[in-house]
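Below: one structure in structure tokens.
The chains carry the letters A, B and C, assigned in the order they are written, with residues numbered from 1 in each.
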């Protein structure tokens, strides 16, 4: 397909929302490499001070307006403006980002304060989502960040989080050293597999919620 | 405003709908001429085979997707939902196949029920088409089957439709005690008989639509 | 300057801290010490001093602050006692635990500040076009046999009707009941999923039969067995079986 960049441009424009690269490749019958090549061309077209920008995150592509022109956009179109997150929301979002999937109790242990309201607000803003339940007493909900979180913080993936590798190491060192109070807790069962980073460990334990 | 084309690009991208040049000029505090100059630059960026195109009409500007890529857009953005042809649709398709060209009223006389919706559905799926108007009171539309109809039923032509004998065989199985009498006997003699069958009689009266 | 003028008694208001750990980190920073030196410093004392304002907080926040205060006091008193042989050596020392907790919280506080710098609230996204994501309905494979079958059945039906018309009709007591009609509509819809309203009203039907049919339809709508859709005034009414309705 020699006009693939034009096709992608039209698709991303109409979709508004993010579209998966894999899905586009499959449905258009082209390779992922071809798509990425076409995206390269689009990145040139929409580079610099362009009013439209291409975002790439979590294997998806999406058009957005250039933040530089927000004042003029707001004058003409009067869109609903997002507000910056409060300190507490940002704190909880950071904990979830680096330690996902994580339960409310685990978040509260780190912060030392009740975080129910903050979690609810983050859920309402679609910055976090429920991804399952932890296989421990009470089967608490597990939270993880969303694509919207990545977009808001200009990350293409979770590995793009500030100081990702160092932080993952630090988190491991800071993990509680006392034996789990609940012998049936999952943490114990997976602690042998050292190489799996904490934030991925949970994945095996997630009972997916549709 | 030296980056006006970028600002316009961002605004038109988000607006989706058409935006008045006059309104943008007023709200951005620039002249109409400046806007039109910026649009010139955008027309270059979005010229040729671009997936996004700029429409200019009636003092308004609008971004739209390039219709040339509609097939690919549809493949990616519109999931396919399969649906079975209902009994009613089969019935009406059969009547049209054997008695084309035929009006809605004629179909309804045979079926004894309103068939407007079924005809609409068959039209929507391109299994039947309007081929003209019957030269009678009210000039009702005449329907006939399409090439797609033949293709979907794997027929090379209408002559391949099961003939009268096959239909009668089937009827004997369905209603062994009440074999139909002469009602549809004509079906068989479609071409040879001097007596022109009902469904062909119309032909002279058809005013072809395009 | 103003801060200096307030002297030693100056205190940031308790309610401006996210929680007890936030306050501790603040005091550690003010004291210019490492987190690990917290228990050989004045921080515990300063923390307890802050508890004088605890009445300004609501119950829940207050208890969070007081819980940490209790822990700090416990750690302090333990350090004054002669060290006992540890019975549970695997149990984390409360002081160590507190230090670890503070370090972890500090890490995330710093990370959230870094995230703040990345946060953008000035980007806008397009609303999807109406045409996008709408499912495209295609018809499943069609079999000529089905077409022939439908046509043959139709011919039989037409034929029967014709015979009925020719034969002298006897007027007898109306045999139609609502239950029967419900059954009939149920089975028809179970087979065809979607039907025209008028298909259920035979033009030769008696008034009583029409009423029975209509009552049956009302009953089925009430039971949510089917949905009704009319696109235009006086237009055809489309009856559709609800997905998942019990067929029987």
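By definition in this document, a contact is a pair of C-beta atoms (placed from the backbone, for glycine too) under 8 Å apart; a residue touches a chain by one contact, two chains touch by 3 or more.
Please read all numbers here as calculations on a predicted model, not as lab measurements.
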Category of the chain touch graph - line, ring, star, complete, other: complete
Middle chain, criterion being Cα centroid separation: C
Taking each chain's C-alpha mean as its centre, the one farthest from chain C: B
Rounded Å distance, chain B centre to chain C centre (Cα mean): 39
CA centroid of chain A to CA centroid of chain B, Å: 43
Centre-of-Cα separation between chain C and chain A, whole angstrom: 19
Numbers and ranges of chain B residues touching at least 2 other chains: 10, 13-14, 65, 77
In chain C, residues with contacts to at least two other chains: 124, 126-127, 129, 131-133
Residues of chain B touching chain A in the complex: 3, 5-11, 13-15, 19, 23-24, 27-28, 45, 49-52, 63, 65-66, 69, 72-73, 75-77
Complex contact set, residues of chain C against chain A: 18-21, 60-61, 64, 68, 90-92, 96-97, 100-101, 103-105, 107-109, 111-112, 114-116, 118-129, 131-133
Touching residues (chain side chain A, partner chain C) in the complex: 13-17, 53, 62-68, 70, 73, 79, 81-85, 87-88, 90-91, 93-95, 97-98, 109-114, 151-155, 161-163, 167, 170-171, 174, 176-179
Complex contacts: residues of chain C adjacent to chain B: 124, 126-127, 129, 131-144, 146-163, 191-196, 198-199, 202-203, 235-236, 238
